[in-house]
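Next come two complexes built around chain A: one with chain B, the other with chain C.
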Partner chain A sequence: MKYDPFVLPFISGMAFVLIVVIGKWTIWFKGLPFSDKKKFLNGLFSRKFIYASREVVSESMLHRKVFRSNFWLGYMHMSLAFGWFLLIVAGNLETRWYSHGTINPPWYPIFFEFFVHDLKELPYRRFFVFAMDFLLLFVLSGLFIAIYKRYRSGFVGMKKTTRQKTIDKLALTSLWMIFPLRLLAESFNAGLYDTGGFLTNTLGHYFARFLPLELLRYPAWLAYSIALGTFFVSMPFTRYMHILTEIFLIFLRRFGIREKQAHSTFTDVELNACSRCGICIDKCQLSSDLEINNIQPAYFLRDLRDRKPDLFKTETCLICGRCNTSCPVGIENTNIRLNERSIHQFFSANAYEYIGKQEVKNGKVAFFAGCMGHLNPLTIKAMLTLFEKAGVEFTFVDENGSICCGRPLKLSGNFMAAGNLVAKNKDLIRESKAEILVTTCPICYKMFRDDYRLDIPVYHHSEYLLKLVEENKLDPGFSPSTVVFHDPCDLGRGSGIYEQPRRLIARSYSLVEADHKKKDSLCCGGSLGITALSGENRKTLTEATIASLTLNHPEIIATACPLCKKTFAGQADVRVADIAELLLEAVDHKPADHKATSVAMHKPADCLEEVEI
Partner chain B sequence: MDKTVAVVGGGVAGLAAAAALNQLGYRVLLYEKEAFTGGNVRNWDRLFPKARNAREVVDELASSLTGLTEIATGTFVNSVKSTDGLFEIESSGRPAYADAVLLTTGFELFDARKKEEYGYGIFENVITSADLEKMFASSGKPLMADGSEPKKVAFIHCVGSRDEKVNKPYCSKVCCVTAVKQAVEVREALPECEVYNFYMDLRMFGTGYEQLYKEAQVKGVNFIRGRLSEANETRTHQVMIKAEDTLVSRPLQITVDLVVLMVGMSPAGSTMTILKSLGLLGNEDGFAGIANAHTGSTLTLKKGVFVAGACSGPANITDSVNEARAAALRIHQYLGGV
Partner chain C sequence: MADFGYSLVKSGKTDLDTAGNALARSVSEAEPGFNLCIACGCCVATCSAGRFTNFGFRELIHRIKRGEEKLMIAEAEKCMLCGKCTLVCPRNINTRNIVLLIRKHAIIKGL
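After this line comes the complex of A and B, so read on.
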């Protein structure tokens, strides 16, 4: 006998979720742009497929990245996902073994012990019985942490745990019920027929002493089946869809598919892949410093998934990227948010047409200071002096004032208007006939690199100055001062540059580290990604970041971003300086001297008569 | 009567208070960290509103002190401890005790280098209002770094005041009228020189100030409503400044020979340290906190501790001196003299 009506809830649930998942995967795939479809098909028959499969094991099963965030949180996810998976595999093996390789109906391994009471014929019986009990215990231990986390989230290193909707609660309850019910059903079985191992047999014989197991056995198996069925049916409507979506996402991403400049079905995949683990809530400074607790990806993505986008949530975000780097699923949160912002573009397509043509001189190296850069003349002066000292043939592209690189507009979702500025700057850069472009501003740098499609390489000055030093074109001396480096959002998380500025500083100064550094560094508070943040709130963020930076009592806070520098300088008690200034001081072998002699500018600024520009 | 009052800070407020306390019969210990008394006013040339010589004011106040005041110049007060109504003054000099304490620690000039985009300390022809006072005192006119006379001067109001970005949200009160005064002085000293004042709005609060503003307009000073965004140095070491003329909503760019930054008043560093040592707090801007704005501006929340002058917020000389004398009377009340 391999069938009993009690398996029906399980079967129907399972069939339902399978149909939905296959349907969704198909719709998502069909909705991809042609180029992405091609990437997908090519990827299926390449090594990328193997890499993706490996990632599925390490992330969807083992939850390696969650482990990195917190051991117990990782253990919880792993025991539930990997433990359950192993249970299924072991169960399948067991039944296959028992029935000598014949193909069984899908419910048979799940409810095996209901159908088979005499396991004597099962080879390696002791091993299987032990393994099944052990795995069940493993899953139950994860479940225990999950339940504990609901009430004491601090235990898994989290301050906040995600808030739930009703359907989520139903899914969660059925999920929580599955394994205890399985334990009961198997124990009852074991109490009657001795089918269990160290766990279920012990429990079963204990129950047998005072419970009418004969009577309870069937309801227990039925309840187990109902719990499974309910969970499966609720899956597509809840965050548990993430289990089946993450796998698909991993393949898409491994095949080279990314967010574009508008929502696509790839976005839908990402939205469904968010497990609402809540890690991003804790990492977000708006939450940790300002108690703004409803805008983080966990909620923002959920609203998008439910097709209920909220403008306030969309706008309230620093675009600092801390949620991107901490997200175990690797969702491109900030890109999704920018695309969502771009639905509400305020500027018309012909914005900035009034900006006239600017003149630019030729040079091998084009130097671009940017609008923010122009608010930091010390940095500009240091760069120009360093260029001259290193004998670099350069041209100061935006000497007479910058045309904005366009990133602030992009951050506000005004992609079209940004595009107009991009075109104007591209012309200037092309006209300079330069072979490389150097900028002191990470915001411009990221824009040049990701959005300009220039045919010359782009360097952030931290990279370029390090190159000059390593090529012995500059010879910095030593200084006893201690310096901490602040990783600007767009340079570190945004562009992956963490080491070059540190190496540059460490050549001449003693480098100390901040409390939050590199990927985990904090936003300075000056973020251009948010317009809806009060000065008071910005100050609070800046204060927290300065506190993190000054943990080891540095004498100087070094930045490599004109915006961070300005933001800190207004509030910090220690000196704030750009890495270019520090390098120049080290090259001159002397401490800070603000009355440094002025450099002869490469190109004279026109002496204009009160001109309107 | 044998009571002693410690006055911390020998600016105009400290001097005026000490003299008043002397007249009421109190012994005064007057602490001044610099070698001379007079405070910031010592560095000014001619004062608004009526171009009176600044030295004269300091000398007048200093000469009214009597033998009851012991002046400790070059003595920095670190903290004050209070025990049972007696105050122990811890300074770089010998320790001393007093029955009451008056803080007249005044203000410090905002460090214009914190507003890097204006180029102070980077571009040679960017100076502060305080630098200009020194020029007037030494050569009677403004000069460029190379010693020549400027043909175009721009005054930039609100540098380090009314600016959230440098953590100074408050108005420094006296810099508007100082800028107007200095603009007139430039026009008088160099009649050919064009003068531009970039302001947010003009705060001519005192008697005679509005007249001074009228006088400036008559004398050809150009007033442009708009905040500077940035300054750049040209090859000829002139300064190109960018601003927005908010009256006509147009960005504008102008190249001048000399830029004068009207630096604001920041709280003196030691005000907060001394307050803390007494268990007192500063106000939200970092100046000394007062008991109440209308009837208790010289009182703090601690009995026996009083404040006067610019240490509790930006003030002109008139108000600083008046407050100092009012504080003397409050101290007299406190010590049981009335």
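After this line comes the complex of A and C, so read on.
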């Protein structure tokens, strides 16, 4: 006998979820642009397929990245995902073994012990029953942590967990019921027929002492089947869709498919792949410092997935990228948010017609200071002097004032207007006949690199100055000062440059680290990614970041971004300087007396500073 | 008519019948900093757009307060949102947000 009506809830749930998932995958794939489809098909028959499969195991099953966030959180995810998977595999092997390799109906392995009471014919019986019990215990331990986490999230290293919707809670309850019910059903069986291992047999014999197992056995198996069926049916409507979407996302990403400049079905895949694990909530400074707790990707992506985008959530975000680098699924949160912002264009495409043709001198190296750069004449002066000392034939492209690179407009979603500025600057750079472009501003740098499609290489000055030093064109001396480096958002997380500025500083100064560094560095508070943030709130962010930077009592805070520098300078008690200034001082072998120069500039004086250049 | 070398200067007075204050109201509601400007001109001195054309944030909000809505909605488009003015403003006014709010008001109202 291999069938009983109680398996129906399970079967119908499974059939339903299979149909929906295949349907969704097909729709998503069909909606991709042609070039992406080609990438996908090429990827299937390349080495990338193996890498993707490996990532599916390490991320969807073992949850390696979650482990990095917190051990117990990782263990919880792993035991539920990997444990359940092994349970299915082991169950299948057991039944296959028992029935000598014949193909069984899909429910048979799941409810095996309901159908088979006499396991004596099962070779290696002791091994199988032990393995099955052990795996069940493994999953139950993860479940225990999951339940405990609801009440004490600090245990898994989380200050805040995601607030779930009712339907998600329903799905969660059915998921939580599955394994205890399986334990009960198998124990009842074991109590009656001795089919269990160390766990279920012990429990079963204990129950047998005071419970009418004959009566309870069938309802227990039925309840187990219903819990499974309910969970499966709920999957497409809840966050549990991520289980079946993340796998697809990993393949798409490994095959080179990324977010474009507008939403696509790839975005839908990402939206569905978010497990609302909530890791991004604690990482977000708007939550940790300002108690704005509803805009993080866990919620923002959910609203988008439900097709109910919320303007406040879309606009309230620093675009600092901390949620991108901490997300275990690797969702491109900030790009999705910018694309969502770009649905409304508030500037017309011909907004900057007034900018006429600009004069530009020729040179091998084009130097671009950018708008913010012009607020820091000391940095500009340092760069120009260093160029001269190194004998670089350069041209200062925006000497008489910059045409903005366009990134601030892009960050506000005004892609069209940004494109207008991009075209103007591109002309300028082309006309300078330069062979490389160097900028001191990470915001410009990211824009040049990602959006300009220039035919010359782009360098951030941290990279370029390091190159000059390593080629012995500059010879910096030593200084006893301690320096901490602040990773600007668009340079670190945005462009992946962490080491070059550190190496440059470490050549001449003793480098100390901040509390939050590299991928985990904080936003200075000056972010251009958000417009509706009050000056007070910005100050709070800046304070927290300065506190992190001054953990090891450095004498100088070094930045590689004119905006960060300006933001810190008003609030820090220690000197704030750009890496170019520090390098120049080291080259001159006379590190400045930091006390004399630690001017926390008052804001009105900034205009004067501006006039100086 | 004989040319005596003089011309008439256009009157700068505000005509209360044609002046609109809806824009000023909607912007200052969303961003109260709108009313904090002391007309110091730091923002104009530093303005990126101001290097290429006759444009400044101070004048923008001043003329919105005078009711020149339509003109200023078009004028606001000259701003590149670079953010320099926010950094230099002694009153800590959220200038970029104000420019965006002006443009949003225009698009939403179909102006």
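Just so it is clear, the second predicted complex is superposed on the first by the 592 of 613 C-alpha atoms of A that agree within 3 Å, B and C clash if a C-alpha of one lies under 4 Å from a C-alpha of the other, contacts with A are read in each partner's own complex, and residues count from 1 in each chain.
In the analysis below, contacts are C-beta pairs under 8 Å (C-beta built on N, C-alpha and C of every residue); 3 or more make two chains touch, one makes a residue touch a chain.
Please read these numbers as outputs of a predicted model, since none were measured by experiment.
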Discussion item. Tell me the contact category for A:375 with respect to chain B and chain C: first, second, both or neither.
Written reply: both
Practice prompt. Once the structures are superposed on A, label A:476 by its partner contacts, choosing first (chain B), second (chain C), both or neither.
Written response: neither
Worksheet entry | Contacts of A:354 with chain B and chain C, given as first, second, both or neither | second
Item to complete: Using the superposition on chain A described above, determine whether A:525 touches chain B (first), chain C (second), both, or neither.
Response: neither
Discussion item. On the A-aligned overlay, A:566 touches which partner chain: chain B = first, chain C = second, or both, or neither?
Written reply: both
Item to complete: Could you tell me if A:535 is touching chain B, chain C, both of them or neither one (first, second, both, neither)?
Response: both
Discussion item. Tell me which touches more residues of chain A here: chain C or chain B.
Written reply: C
Item to complete: Using the superposition on chain A described above, determine whether A:344 touches chain B (first), chain C (second), both, or neither.
Response: second
Discussion item. Quick check on the superposed pair: does A:408 touch chain B, chain C, both, or neither? Answer first, second, both or neither.
Written reply: second
Item to complete: Overlap the chain B and chain C contact sets on chain A and report the shared residues.
Response: 374-375, 401, 535, 566-567, 604, 607, 610-611
Worksheet item: Which residues of chain A touch chain B in their complex?
Response: 374-378, 381, 401, 535, 539, 565-567, 569-571, 594-596, 598, 600-601, 604-605, 607-613
Response to the item:
Within their complex, chain B touches chain A through residues 113-114, 116-117, 119, 121-124, 164-167, 229-238, 240, 242, 250-255
Worksheet item: Along chain C, where are the residues that touch chain A in the complex?
Response: 30-31, 33, 40-42, 45-46, 48, 51-53, 77-78, 80-84, 87-90, 92, 94, 96-97, 100, 103-104, 106-107
Item to complete: Using the touch definition up top, name the residues of chain A that touch chain C in the complex.
Response: 344, 346-348, 351-352, 354-356, 371-372, 374-375, 400-404, 406, 408-409, 412, 414, 417, 421, 526, 528, 531-535, 563, 566-567, 603-604, 606-607, 610-611
